[in-house]
Structure formats: structure tokens, C-alpha cells
Amino acid sequence: MAAFLEVSGLKAFYGQTQALYDVAFALRQGGITTLLGANGAGKTTTLRAICNMVRTEGRISFDGQPIVGRATESIVRLGVAHVPEGRGTFTTLTVGENLRIAAYTRGRSARAEVKRDLDMVFEYFPRLSERVEQQAGTLSGGEQQMLAVSRALMLRPRLMLLDEPSFGLAPLIVQEIFRILRRINNESKVSMLLVEQNAALALELADHAYVLETGRVVMAGPSAVVKNDENIRKSYLGY
Amino acid sequence: MSTANPADTATSTTAAVPASPAAPVGSGTDHRWVWIVVAIAAALPLLHFIAPNVISDYRLFLMSTMMIAAIAVLGLNLLTGFNGQISLGHGAFYAVGAYTAAVLMDKLDLPYWTLLPMVAAVCFVVGFLFGLPALRLEGHYLALATFALALAVPQMLKYKWLEGLTGGVQGIVLLKPEAPFGLPLSEDQWLYYYCLIVTVLLYWGAWNMLRGRSGRAMMAIRDHHMAADTMGIDTARYKAVTFGISAAYTGIAGALSASAIAFVAPDSFGFFLSISLLIGLVVGGVASLSGSIIGGIFTVLVQNSAQALSNFVKNDIGLPYDLSPYSVYGILLLVLMYVMPTGIAGGVVMAWRRLRR
Amino acid sequence: MEQLIQQIASGLANGAIYACVALALVMIFVSTDHINFAQGEMAMFSTYISWQLIQWGLDYWIAFFATVVISFVAGVLIERVVLRPLHSAPVLSIVVVFIGLLAICNSVAGTAWSYLIKEYPTPFPKELFGLSGLIGAHQLGVVVVTLVVLTLLYVFFRYTPLGLAMRAAAQNPVSARLSGVRVDWMLALGWGLAAAVGAVAGMMVAHIVYLDPNMMAGILLYAFAGALLGGISNPGGAVLGGFIVGVLENLVAFLGNAAEKATGIYIIGNGEKLTVALIIVITVLTLKPSGLFGRVVVKRV
């Protein structure tokens, strides 16, 4: 079966500095794949490269369409939602406005659908519905992460890129968010590419795993295999 | 004399517009050129006796104004090009210099050749005082503050309380300097030499300063303020002092122009003056001493050829457009930022490098 | 007393103009982090266009709206053509380009329409407004038009999807892109709106100060003072700042004149208006650069 998201020979640069040297992986439609690795391995850069937020070379194909070099916003309009490192919240806008802006691309004709999606989002994250008029910058870390995921959902994406969703959050909140991610994947059939430092957690959620080291993929396999391979765990995942 | 100079010109990081060039203070080749130019310049008026119509008094006067403009642009370059503090209002310091000289000559009857050190001191203080609040401002904000200064200068000069000194709207009429020691030189010829001596001294002074520790500190502050701070450079002191020195240079130019034109009035120091200085800076070459000279010459040429340019455009090209210096400036400012951001000096250096390879 | 009220009223009218220009400045600053030094000259140029349309026989209000539209388009074009390539250029280059725009606008206007001062018509008939004792018809009209424009803009930004998209693009361009917003076009639209608002200000003030290529220079300086005072990152603050500066300008002159009459000493009067603006600019920039209502931006190292 043709991969939903396929990356090969991917190179990425921050200015003159090269961060990715040759990254290759594939994502099955409907699946959850995780990118693991130590700090500086290039995980965040890979997500950014998919959205063309950094200078990229190589091949990236999303649902059969090549997307290297396309403007970020047009990649997003194809159905890719990126929940960035740091949440990317519009801090001076309200929670409601943050959600509405994500529905911006869907046009006036989709008003009813947008309303339904908002209800769905509030069903996943009831805490947000209590804070609709609140300025987003005043939310707690966990709530901002929920908002970030919700904004991604409002895009009605087919692929969600999540960059360290557990970062800086209390374990209970992290578990809650990961549970909801699993629900979203099951119910809305959204494929997910998850970058995580917390390898144990990621391997619980994902079906497949790729391990990155200094800009290259050094290990790939179903998460069950990766989880149980002691050498890999000790060398690359630190536990 | 060393030929290898690590502080050479611009390395381009973005496609069209490079960051400010590192100081092209001059390699060995540069030095020889400077001496040649100075020698020619010194000999020029003497050729008057051979070709009186070519080296006429008027032409010498014009060249004097070019040198004055060059000094003014040099002042601006010290601040903006070498120290990274954007000034859109250097016309203000030019005005202070001009008026200080005029008042000293008019009210105290001081001879013109005693003026420059006093003018330099006054302008240094004014510049330093302006530089103090400017310490907190960067980039756009500093540009804004100096922009406001440039707009307000003519009005400030017409302030009622200063009218006794400044002569208000009518200004002050002065006498042109005469050749000393009974030398057989006309007023314009002597003025030429006077300006030449001042120009050479100031150029040498700037070159020396930039070559040494102060120069490196100034440029370090321009290139990476925070790093300079953490390296122990007293950025506040350097920035304020540079402001003062820059104001002094441009003020001296103003004082020279007061002697040259023999007249000062508030309306000659408006916003157009500050724009001319900016143009000189950009056309000649940011952070380039030789560029400042080129820039100064350029602004005088444009202003003097305004009529000819206008006729050329109207009659020869056939466009119903009055090409004023202002329009030339505007068009150039835009075009240069895309095509030749390092100015003529930078362009010459790059062409020279390509030839040498 | 009556004179004082007159001064305040005309100060409000002037302040309305400053508020419009200040708003245009803030719109561009908030979305692009650039200060549009050419804002005044662009507004002046637009005013000349409207004058020309009126000369060609168009009704005042038709010319007015046509000019607003033309200015909007021009603003969009300037952003896309002139400023787009300079996205990552050093600050000096960008400032220089703005000054270049300023010079071109001024010189082209001077060439096309000469530097002779012209009269500019007012659409507000003297008889319609009954407060002609305290405030002129035109001045009242200026305040009303300004308030209408400001309200329209407020509604646009607050309640429409496009307005929301523009605010998002200004606040966080990266996140806006990740939400599918075409940030580049949002910037261009911002410029278009700023140019349009500037045009309104120019057309309103031309009747008061008479039309000539240099009419906006002082007004621009006052708009800067107002924008800085209110907070250059805060549209509402900038508008308020514009009004404050307008009233302040007149009050200072009024008090100066009164002091002169009382004591015979001239301290300050109409001739020092630009200097007062300069003092405000420098004071705000040194003491509180974020203005009364702006947010302090902390730069991450």
C-alpha cells in the first residue's frame, strides 16, 4: 500500500547549518508513528521540514502529492496540521478566536460544520469550553496544549504532526492528552506523526517508531519491537 | 604596509542585501590611492595658472563644497556605518556647526581659523547629549527620534529667544575668508586649500581611530551589541562618544559651509539636508571612508546638475517630468537598496576583487 | 473660557487627523515591525489624487471614495513590489527605502501639481452644524468622519474572519501560516488599509492647512508623537494618543499666549509646535518606549 506520508533523502538547513542529512521514513494512513531520539537529533527539524518552515531538499510526498518547496500555508490547506514546539498559541487572542482562526480556511459555507467541530473539540477538552472568552496567553501549560491540539483538529486535518506534546506538562495532564490523542486517531481517523522525548510514552501510543540520530534515521520498526529491544533502549532512548 | 586585512568588505549572507560590511578601512592598495588623490587635489588649483578656464574659481568653489559634503557624510558614516546607530537627522548637527561658527564670527568677531576647534567641541557636546537618551534606542526607534529631530530643526532655529543670536528667519551674513600671509590666492582658491587641509586631517583622524581599538569596539557594537557588552566593552560610553564625534565631524562641515557660502539661514537646514547626507552615505558606501568622499561629491554633483538633469529629461528623453534632486534621491535610494546596497565604494571593491582573481 | 473650549474643540479636530495617521502607522508597525516614514507623503499624494478628481468634475464624496480605493490598491502594491524583497534586509536598508518612498512621493507630487499652495474644498456646509460658535462645521465633520472610520475598522478587525486572520498574522506569523492563513497577503492588506486610512486623514486636513506637497510633514511628526504616547503597538492607544496630542498642542499654544499676555514674556507659541512634538517623541522614547498603553516587548537573546 502506498504510504500516506513518504519522506526520502530529506535534508534540512538552518541558514548555512545542516540539521538533517538523509532522513527517510513512511507513514501508513490512519497510523500513529513516532520519531524518537536524543536532543538535537533532528526530530523537530523533520516536522518543520515537512511543513517547509526550514530550507529543505529531498522528497516529501503527502497522499501521493509532492510537497517539498510549497508554501507552508498551502501544505496546511492540503490537510496537514502541525502542533508546534511551544504550542504556537496566539497569546493575545481569546481561546475562541484561537479556534476560529484555525477554521479560517474552511470558508463561510462550512459554518455548520465548523460549529459541529467546535462542539467535538469541547467534548474532547471540556476545560476549554469553560474558558472560551479568556485570553489564551493566560491558560496553563496543559490547557494551552489542549488548545493547540484543538486548533489542529479545527483544520480537519488528515495528518497531524505533534512536536513534543508532553513538554513541560504534569504527568497526569500528559496522560489525559495522550488518551485523547488515541481517541482522535480512532474516531476521526487522523494519521499522526509524533515527536517525543518521552520515548516510553510515545511507544505506548504509536504503532511504528523511527529513531533519529544527528540528522539520520538509525533504527526503524514496529513500536513493540523497538520497545523491547534493550540495546536500542539503552543507546538511543536512555532507559 | 600590510596587504592582508581581515577586516575587508561585505560578505553577502542574503541574496540581494548583504549585512553592513565589515570596515573596509583600507588595505595597502588603498593607501597608495589616497596619497595620489591628495597629491592631485593639492596641485589642482596651481593648474589654474595654466588653464584658467578649466580650473576656474567657480569650479574650485564647487570642489570645496564637495569636500565639505564629504566631511559631513563622513561624520554620518562614523555613527551609522561604523557604529550602527541610524541617524536621519544629521542635518541638525550640521546646522549647529554652521550657526556656532556664524555666531562666533558675527558676534565675537573671531577669525575663521580659530573656529573649528570650538565648533568641534560644541558639536561634540550636543551630539554626546543626544547620544545619551539614544542609548536606549535601536534601529527603527532611533531612526524615528532622529527623523523627528530633522523635521524640527528649522523651527527650533527660528525660536524667538534665539533670534538675537541667530538672526531669526533672515539669518546671518558673513565674510568669506581671505588668503593668509598675503599669498597670491583668490578667496575661492584659498577656501579650497583650507577645506583640503581640514578634510585630509579629519580623514586621517577617522582612519586612525577606526584602525585601532576604538574602531574595533565601535564595529563590534554595531555587529553584535549584546556580545560586545558581554565581552566587557563599555558600549554605553562608546555609543555616546561616537555620537559626539560624529556630530563634531558633521558640525565642522557645517562651520566650513558657513564660511564658504558666507551666509546661514534656518530654512537651508531642513529635512532635505538630512536626506542629502543619507544619500551620500548610501551611494558612497556604508562603513567606507573612501565611500564617504564619493558620497559627498555625489550629492553636490546632483544638486548642481539639477537644472541640467531636468532639461535632459524634458528635452532629450521627452518626459514631461521636472527631475528635481529630490526625485533623483528618492529613486536612487530605492534602486540602490536592491542593486548595490554597499554603495559605489562597495561596488568598486567587489569589482576589484573579481578582477584580481 | 469660550476661547479655551474653542481651542480644545479644534484640538480634538486636529487630534482626529493625528489619530488616523497614528492608526495607519500602528497598523503597519504591528504587522511588519517597520515604521512607515513615508506615511505622511503617501497620504499627501492621495489627497492630490482626490483634488485632481474633483478638478475633473467628480462630486466630492465620489472622489473621496475613489481615492480611498485607489490608495488601498496602491498600498497593497507598494508592500508586494517594494517591500517584499527586503524581508530579511538589515534595518538600515529598510529605513532607507522608506525615506526613498518619502522623497519620491514628495517630488512627484511637486512636479505633477507644482509647489503652489492650493485650496481644498470641504463637503461640510456651514449651515448644517449649529455649533459654529465653538467648533467649525468642517472640524466637526472631521471628528465625525474619523470616528466612523475608526468604528468601521474596529468592527472589521474584531468581528470578521478576515480581520481575525490579519490580527493573527500580525501577532504570530508562523502560527498563522500553520493555520492556513496566507500571511504575505495579510501584510499587503494591512498596508492597503493603512494607505486608505492615511488618505482619509489627508483629505480631511487639506481644507484646514491648504494643499501643498509639504503639508503632511508636521502632521506626520504629530502622529508619531501620538502613536508613541499611546503605545505604538496598540491601535486603540495610538488613536487616543493622537487625540491627546491634538488637544495638548493647542493647549500649550493657548497657555503660552496667555502667559505672554499676562507677563509679556514669550515662552512658547504657535511657532514651536514641531519642537513640542519632538520633545514628546524623545521623552516617550527615552522614558517609556511602549507608551501609555502599549505592551513592553522583551527580546529573547
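Note that the chains are named A, B and C in the order they appear, and that numbering of residues resets to 1 at the start of each chain.
Here is the rule we go by: contacts are C-beta pairs under 8 Å (C-beta built on N, C-alpha and C of every residue); 3 or more make two chains touch, one makes a residue touch a chain.
Only a predicted model underlies this, so the values are computations on that prediction, with no experimental measurement involved.
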- Task: Could you see whether A-C or B-C has the larger number of C-beta contact pairs?
- Result: B-C
- Select the chain at the greatest separation from chain C, using centres from the mean of Cα atoms. A
- Query: Which chain lies at the heart of the structure, taking centres as C-alpha averages?
  - Reply: C
- Distance between chain centroids, defined by C-alpha means - chain A, chain B (Å): 55
- Between chain A and chain C, what's the gap in Å when you average each chain's C-alpha atoms? 43
- Task: Starting from the mean Cα coordinates of chain B and chain C, work out the distance between those two points in Å.
- Result: 32
- Message: Taking the touch rule as given, give the residues of chain A at its contact with chain C in the complex, in rising order.
- Response: 51, 53, 71-73, 76-77, 81-82, 84, 88-93, 97, 100-102, 104-105, 108, 151, 155
- Would you tell me which residues of chain B are touching chain C in their complex? 14, 16-17, 19-20, 80, 86, 88, 133, 136-137, 139-141, 143-145, 147-149, 151-152, 155-156, 158-161, 226, 271, 275, 278, 282, 286, 321-322, 324, 326-327, 329-334, 336-338, 341
- In the complex, go through chain C and note every residue touching chain B. 33-35, 37, 82, 85-86, 88-93, 95-97, 99-108, 110-111, 217-218, 220-221, 224-225, 228, 266, 269, 271-275, 277-278, 281-282, 285-286, 289, 301
- Item | chain C residues touching chain A - in the complex, by the definition given at the top | 161, 164-165, 167-168, 171-172, 174-183
